[in-house]
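Chain IDs A, B, C and D follow the sequence of writing; residue 1 opens each chain.
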Amino acid sequence: MGSYRWNWPILLADPYYGWIVSGFGNTCLIAVLAWIIAFPLGSAIGIARTTELRPLRFAGTAYVEVFRNIPLLAQMFLWYFVVPELLPQDWGRWVKRDMPYPQFLTSVLCLGLYTASRVAEQVRSGLEAIPRGQHHAGLAMGLTPAQVYRYVRLPVAFRIIIPSLTSDFLGVFKNSSLALTIGVLELTSQARQIEEYTFAAFEAFATATLLYCAVTGIVILAMRQVERRTRIPGTIAIGTQ
Amino acid sequence: MGWPIAARLGGTLLLAATALAAPASHALAQDGPVMKRIAETKTLNIGHRDASPPLSFIGQDGKAQGYSIDICLKIAEATKEELKLDKLEVKFIPLTPQTRIPLLTAGTVDIICESSTHTLGRSRQVSFLNTTFLTGSKLLVRKNSGIKRIEDLTGKVLVGALGGTNERAAQVEIDKKGIKIKGGEIVKVKDNAQAMLNMEQGRADAFTSDDVVLFGLASLAKNPAEWEVVGPYFSYDPYGMIIPRNNDDWRLLGNKTITMLVRSGELHAIYKKWFEPGPSNINYPMSERLRENLELIALPD
Amino acid sequence: MIELKNVSKWYGAFRVLDDCSLRIAKGEVVVICGPSGSGKSTLIKCMNGLEPFTRGEVTIDGISVGARDTQLPKLRARIGMVFQNFELFPHMSAAANITLAQLKVLGRDRATAQAKTDALLARMGLADHAAKFPAQLSGGQQQRVAIARALAMDPIAMLFDEPTSALDPEMITEVLDVMVGLAEEGMTMAVVTHEMGFARKVADRVVFMDEGAIIEDAATAAFFGTPRSERAQHFLSKILQH
Amino acid sequence: MEGGFDFAILIRNAPFLWGGMVLTLQLTGLAVAGGLALGLVLAVLRLSRIPFVPALVAGYVNFLRSMPLILAIFWFYTLIPKLTGQSVSSFYSVLIAFILFEAAYYSEIIRAGISSVRRGQIAAALALGLSNAQAMRYVVLPQAIRTMIPVLLTQSIVMLQDTSLVYVVGLRDFLTTADIVAGRDSRPVELYMFVALTFLVVCFSASRLVNRLRRRYAL
């Protein structure tokens, strides 16, 4: 590697070690909080898109199309720089001046709403993958449409989409790296900061990469367990390789 | 009060740097691959920045230019002469703070001509040529904000570009003085432009960076009269060109060129061209400190 | 009990049902047959409102299925339905499939529902399979669980939509036997099927449909004796050939 | 907002923004082409029976898929000069990063498409006397392509949006040019909304097209 001088111990030195830990913590926190927004909201929108009610379907479709067709980075900027300017002045001032952790919360909101559009698509495709007859069978028994969703369609749909939801969760985890653009010190930006201070680029970025890969590995293993536990007896696994 | 501290600090660091550099250049003199590469390819690759006026930036004509670039072009001339080349092609390669070191160590660029602070930490990875520019951290604020110094930042929002030395210096300063800024931490954004946006939108009350950068940004703002750069320096930032380590012949050539430029007065002319007031209207006359520093490196033959 | 008056249904310009009228009295077993695509399944799904229709009226026990103020879930709870593809819920055991609507629709307590479920499973000869999941049961077993699931609601009538056409031949009998038993107990039944043996044995009337219209509606003996339409004769000759 | 909107700024900076758009489109086009080619190779290798190769490919694919794109761009930008010893422009290094990165995603889509063709189809083709390659060429791939094309297009739309990340190596794509103008003239509202709307229109039209294809080629 040419004249590059390896300096792994620097990562354990103060304050760089602490930066990596706090950056990693922020990355995980952003991902989890964004998922807490994305999962219920996305599920609701996905369900809305499969109902018989036209306005609901339209609203769900509009949401998905808007949020998935604008680059996440642009959405980050929109939420941070544009939205406060469009709010009534007092609210805008509150968002810009008085809201606690403005960058962090903005990035959580942005990632959550963006990821919700992806979750919505998964939930919709899961619901649509269930034969129409199941819906009819539920209704024929006297279940209300809401009960059919609750007891029949959703439990099966969610099982079908566990693998794709896993990759969406990993997506939110990876996408949290974009929070650095509005000033959140998550893993990638801490790696960048360490690089800037010490010029130990490879060490810093290799560590970040390894941490991302480690989390990905752990999440995939954990979700395989979930998939195994929730597998319907007598059926073959869906999506596990 | 800041001046004496900064000057003392600067002097100490300079001494330290000289002390570190001296034995290396004599006892362990090593000729690295850079000069050989330049001789073979008849090409000099200069790394530059897109938007670091007036030191290193892309002008309206789309070409790299600035104070640092002019100095490097002089080094290119000296290199051509030293290697007795019939021609030397100069290539410009745009860099970012994330890519400059890897590209330097990989041999993609031979010299980085921009606005990097010479620090001890960075010296582990790369070598710096002698200091050709001096600056330090200050604050950019709105004229009517009432902020005159870093102590006035209690309860205010301070913003800085991620990874710069300024933001770290500011942190040290507010920790030392026990200033309670809003949110408890400096807001670190991706670059100076974003920091400026935060200021324009009223999200932040003060923006820390090298004063030369702040002057430059203020002069380009929508309404330059709205802004002022305040405060004594709370960091000392000597800028220098960066070259790969263990290339003593290349470093010697670079430093010799700079020395000659100082001795002939050409360096002062280049400075005047870019800073007084310069194409970006920055109007930043050469400080006494830089003048003295340049005298220090104008070594005799 | 079940009455269809001039029911028509269009998908855009395509007519699925053409002015169908039909009465099924209490205790009657009516078999609906006809070539594929003739609208039989649609017709039977109109009876409990699973398929909306464009014109006409369907009433069950005097209650209009199509009316806006009708509580469809309540109405459907009183009519059992069995589907061609069983449509057991794959994520629930056989017992849970049967118990679900008793708990959620009828509001029975768990013990009562469980007792009812056990009794029905025993009656279907499936007592040992209560804890199994649909994918672990054979087609015939699944369809019997589905029938038990419908019966658990104590329905006033049962709708069968080709209940045996997705079954392997050796399993058809076990399902038909259950259906014959039901008919003999006096259950009101509408059955879409090609099983003419079953029709002969238990049906009171046979309805023949083609291209969305009811072509024949005759007592069983009369239908098999002298079907009046050429299309019904043609159809019968085809399916009775073997 | 102070001073109201100034949408004329878009017109004043149109050539600059258009330059960014051209870079975005070029990068997307080339990366899609290269990514597809490499992705097909990877997918075939992954489905092959050559010892170790499928595992190696799987390792490559999973490694890249578990890394944020922003990190991948950085890595390739620094690694390529190290590996080749050549100075590579930002554009080509980013292009290579995108091709290698997207190939990992494309290969998974292609593999899934090929696997989705029922085994019976291959059996039937072989029973007719077709060779393995012929079975692939005339029976499996035509069916697989139908299921693959909409997903591949969707991934390409995602990739078009992802080009906005090239700012980390100093390239000026569409979003970055807008970002520069927004910062320089302090007009973030107009510029970012313009970028968002442009992407919305482009990507929405493209996804409509995908839907139409999906319906047309639905099996």
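Miscellaneous remarks
We take it that a contact is a pair of C-beta atoms (placed from the backbone, for glycine too) under 8 Å apart; a residue touches a chain by one contact, two chains touch by 3 or more.
Just so we're clear, the structure is a prediction, and the values are computed from it rather than from any experiment.
Looking at subunit C and subunit D, the chains that touch each of them are A.
Geometrically, the chain at the heart of the complex, using CA-atom means, is A. Chain centres here are C-alpha means, and the one lying farthest from subunit B is C. For the pair subunit A and subunit D, the distance between C-alpha centroids works out to 20 Å. Centre to centre, using the average C-alpha position, subunit A and subunit B are separated by 39 Å.
Centre-to-centre spacing of subunit B and subunit D amounts to 38 Å, using the average Cα coordinate of each chain.
Mean C-alpha positions place subunit A and subunit C at a centre distance of 45 Å. In subunit D, 74, 78, 82, 179, 182, 188 are the positions where the chain touches two or more neighbouring chains simultaneously. Within subunit C, no positions touching two or more other chains are listed. The residues of subunit B that reach two or more other chains are 98, 102, 105-107, 194, 197, 201, listed in rising order.
Chain pairs that touch one another: A-B, A-C, A-D, B-D. Taken together, the subunit A residues at the contact with subunit D in this complex read 1-2, 65-66, 68-75, 77-78, 81-82, 85-86, 170, 174-175, 177-178, 188, 201-202, 205, 208-209, 212-213, 216-217. Those residues of subunit A whose C-beta lies close enough to touch subunit C in the complex are 131, 133-134, 136-144, 147, 151-152, 155-156, 159, 232-235. Residues 45, 48, 50, 72-81, 83-85, 87-91, 100-101, 104-106, 132-136, 146, 149-150, 153, 159 of subunit C touch subunit A in their complex. Residues 1-5, 7, 81, 84-85, 93, 96-97, 100-103, 180-183, 185, 189, 192-193, 195-202 of subunit A touch subunit B in their complex. The part of subunit D that touches subunit B in the complex is made up of residues 74, 77-78, 81-82, 85-90, 168-170, 179-180, 182-186, 188.
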